[in-house]
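Both complexes shown next keep chain A, but they swap its partner, so chain B is in the first and chain C is in the second.
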Partner chain A sequence: MKALLLSLLLLPLSALAQAPVIQISGANFRPLPLAVPAPLSVDEGGKKLANDFDEPFLFDLRASGLFQVLDRASFTADPKEGVTAGSINFSRWADVGAESIVKVQLGAEGGTLRGELRLFNVGTGREDFKASHAVPTSEPRQLAHFLADALYRHLTREPSPFLSRITFVRKAGSNRDIFVADWDGTNARALTSGGIHLLPALGPDGLVAYTSYRKGRPDLYAQRPGEEASALVQNGQMATGVAFSPDGKRIAYALSQGESTQLYVANADGSAPKRLTDTPFGINSSPSWSPDGKRIAFVSNRGGSPQIYVMNADGSNPRRLTFQGNYNQTPDWSPRGDLIAFTARDERNAFDLFSVEVETGKITRLTQDQGNNEEPVFSPNGRLILFTSTRDGTPRLYVMTKEGTNQLPLPMDKGGGLTPDWAP
Partner chain B sequence: MGMGGGNKGQSRVTMSEINVTPMVDVMLVLLIIFMVTAPLIQQGVKVNLPEAKATPVEAADKKLVLSIDAGRRVFIGDAEVALDELEKKLAANAKAQADKEVYLHADRDVPYGVVVEVMAAAQRAGITNVGMITDPTAGAAASKGSKKEAKR
Partner chain C sequence: MALHPAVSQSMLVARPSRLGLFLGVSVGGHGLLLVFGLLYSHLTAGPRVDLNPPVIKATLVRQGKPRDPKLLPRKEQPPPPPKEVKAPPAPPAEAPKPVEKAAIPVPVAAPQPKPAPQKGEASGEDRRKRLFGAFDRTAKQAEPEELEGAEDGDPDGDSATAEGERYYALLSTQVRRNYDVAKSIPDAERLYLKAQVQMRLGRAGEVLETRLTSSSGNDLFDSAVLTAVKRASPFSPPPDHLRDALQKQGVVLEFRP
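Showing the complex of A and B:
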């Protein structure tokens, strides 16, 4: 009897602990009005690094799509206000429209930067959540991403995109080099130096596969940062569009031979290739794996124009998914499984992003009237989409929610980026 | 398509519609002003409210309160702000911008000119509705005109 009572008491509590604080899906979603005052520093070292922490921290929260990050210019609270519930004047935060406050306190000592984050509920006047983390003083951005991730996990019970990595191509003169960077495009390191390297794919364990002209014709290579490249596929006239399976054990790619381009699947080291498509004169390209690794989305012109198709990972049962537009390409399958994002050329010859529901074929427009928008790729948690846009002139990387809202440029330098890929 | 061609022809004819742009300009300088009773609103700032015989509007939820005390100091909530910073603070304020409404809580001895300056700053910040907080102890006699439109 006692045990029953106890379990009855515990059940709702544990259920409560698992339920997300912010329910992102659904029509009732409204970004949480969040006040994020400038971080407080307990010492000189913390003060020096406060800006380097603050910028990426604010960008993570803004780009997440979860929050309406309030303008600091409106704040009426004392900037030196403390970081405990007792010292906070909650009515002043309510006056600027905040429903929650995030306060961060920084301290640097002996080469270590320590940050402590607290989340307060303005309505109840209570502290809801606390997290702390320490990094070397050279890595204030990593501290920002880590604390933003802790907050995101607390509110959604899901991993955030803030600790993930992206890869992209950068143009410099006649060179096209592959870069690997933090999720926000900063901290970018060149993987290749000189020559033409295209269409990188990031594996789950940090391995980057890409198309390279280092032997004069496009072949596939794989490389880890700081290591030498190894050849993956070196046959056919052209090998492109490599994509890792979600478990990282297999690759899919397109190989041109004669008058057709066909899709292949091979082991991650390029061994045991198997052909998936067989259209005598057609082009099949741009494979993207479903999150369970059982299906592959791709582009094919077998119906006359480039369209998005889905087939089983062994090549069986191909099915056309898009029936609107006459130029649909670069599909990316959401890690949540339900959506495929793609680029379409519309009636005015502008490229824009769309998503299609895998089961129903329902198409949603994500971008419009802002330059050309291409090459969508989902975040590892499936909430955000990274893409290339020419809205500011040169192609640069942008991020938005999977619904197409909250479109922001990545805070990276002017070099811009093309054909991004995103991995945990 | 036939309709489209017809429209194209007509577009060269003299425009006979009313030009609404000047009217929109006039609308934009209007502030909607109404009376609010005090007991619903508890403020940290000490203010001697004017008494007024007007049917008050019930303050349904908490709106942002601007106070002006007898010393002509301006407050957002209970935080003092300089008058020349008020517009910037209100323009950035998510609550005021969502409501487009603030309550004005001014001492009865504050000169009219100061009150107007605060209202003008609010209006420039995009606030369209201003509730004047009054002291209800005088007894709100039933008289009409609780909602007035005043041109600034």
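Showing the complex of A and C:
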């Protein structure tokens, strides 16, 4: 009866309806095919710096995982083609598979290098976005990172990792020194010189905390580039593995006493320490904060083997998160909150990277069959993971998407790097 | 006071009558019924039925020992066999295909094995396989069992027989296969992106016109859906009963990520 009534009522409506509507969903999200022709120079100065600009610019776009940067050798358009929509032959770009084009124009005047970036949509033939920036001529890389960031922000509405900083340890002889560098590992500057310094953590305001053996046993220090180090935790016990809370106001670290290692939380200057874990003989280490600062992921062997655990930041409610594998360590909580990346030794005795969903405990493998891969750390926007890999012999820093795709070595010098950390 | 019979029985004289009341009650009653009906159907209406049948992702698990659940997972290796396995049986299947594609449903049992063995692959092994294929399969279990379906079925399809308007399902499958969208589109935006493309099809399935009837507000998404339609075309010829409608009004494709 109801159906009859409805159909009688709807009959006149359906007669009016025009074309049937088919719903289509389940898009395949894939990197945007992007053509990035070599930058154009408006003067001699720009021409000289074009290469120095081009290399980091291309790396940023490639490593972001969001673009499929097309091979320049395949381009059929005139290399001297202009930078306005009217002067671009869009069909030539469509032929090589480009869906968007990024054109950059460089000019150097006095001590200033000026760059202008334009983004064109090949489908609509329109200019979608324009950005410009100027830097001293000594810093073409900064210009590249800045313009790449502007493009990234325009497309994703979120900050890119290109202007962020990383810190890592570099091995030289028997020394282990802390370095701070641009996100791509270049422009690296030593924070310490000589001695053994390990496990650096980068705070949101540029402060670096690390473990140092300068007094013979591990203590925690904090230091800003160009300044002296100050002691954070120095109380006669072995302190390691410091991590800043997301707001930078607190630190978490591990203290060893006899046969047990326990986690502590203190203010960022090391004051008012509070013990979080209490397992008589076990090891609790490698703290990593959740993005809201309310929870901490860590490694504990209380269940027999090292596994990833999660607890509230006051130490309550600890919960085991990983139940696969028998050697899981170095957790890093994604700034997006949903994932924790970690290192694990698999049944073939290879160290590889995995991620685990915090809510479900589902583990996904990120690296496989390429040397040992360790020490994952998320980019500040949570889209990329920086890690150490021995796939090319010596341990070096690599970056990949959080899904484990697009694994690229950082274009840094041969010194390599270990135990990286990453901050805005 | 009694009226004159001629007056009291005249048709010209107004007399008290119940007709007005009857009409009023009748109209009112119908109105009430209608209101009740609408209210009832409105209140008891269940969740709206999505006419697009849900897609079930099904993959055949290859034969082997199950992995110990206590071990860490391994990445799925890109499946190497399909190309090599499918290469030999391809040539005989090729011949009848074009015909089958045009005529739509009825799964035809391919009567192919008999026609003269092609010289390139006339090895005894091949011939034996073709003749005793059925026995081999039961005996060796070498290849995973095929799912029942249709020749031009969707790998993601969840039904062995077509349901609903088959031609529209075909259209949407073909478009979805080319539905590539830039990863750079922000997650938050993906939740509400929606674009509609109206397309008209000719008798042979060729696209006569595509028009973005409703933009998503995101240029990249809009051009991605137009590209998807363009890459998916031409479609197979529409069946008789849809031909005119598809040529005149066309069909609207509503895209969401």
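Following the convention adopted for this analysis, the second predicted complex is superposed on the first by the 396 of 424 C-alpha atoms of A that agree within 3 Å, B and C clash if a C-alpha of one lies under 4 Å from a C-alpha of the other, contacts with A are read in each partner's own complex, and residues count from 1 in each chain.
In the analysis below, a residue touches a chain if its C-beta (ideal position, glycine included) is under 8 Å from a C-beta of that chain, and two chains touch if they have at least 3 such contacts.
These numbers come from a predicted model, not from an experiment.
Enquirer: Contacts for A:N51 in the overlay, against chain B (first) and chain C (second): which applies, first, second, both or neither?
Expert: neither
Enquirer: Answer with first, second, both or neither: which of chain B and chain C does A:V96 touch in the superposed model?
Expert: first
Enquirer: For A:S74, select first, second, both or neither according to whether it touches chain B, chain C, the two together, or no partner.
Expert: The first partner, chain B, only.
Enquirer: According to the stated criteria, A:T84 is in contact with first (chain B), second (chain C), both, or neither; which is it?
Expert: neither
Enquirer: Determine, under the contact definition given at the top, whether A:R365 touches first (chain B), second (chain C), both, or neither.
Expert: second
Enquirer: Decide which partner touches more residues of chain A, taking chain B and chain C as the two options.
Expert: C
Enquirer: By the touch definition above, which chain A residues appear in both interfaces, chain B in one complex and chain C in the other?
Expert: Touching chain B and chain C on chain A: no residues.
Enquirer: Of all residues in chain C, which touch chain A in the complex?
Expert: 37-38, 40-41, 44, 50, 52, 55, 69-75, 168, 171-172, 175-176, 179-186, 188-189, 196, 198, 219-220, 222-224, 226-227, 245, 249-257
Enquirer: Could you please specify the touching residues of chain A with respect to chain B in the complex?
Expert: 33, 68, 70-74, 76-77, 89, 91-92, 94-98
Enquirer: List the residues on chain B that touch chain A in their complex, please.
Expert: So the residues of chain B in touch with chain A come to 44, 62, 64-65, 76-79, 81, 88-98.
Enquirer: Can you name the residues of chain A that touch chain C in the complex?
Expert: Going by the criterion above, the answer is residues 2, 5-6, 9, 18-32, 65-67, 99-100, 121-124, 126, 128, 152, 155-158, 323-326, 344, 346-347, 352, 354, 363-365, 368, 404.
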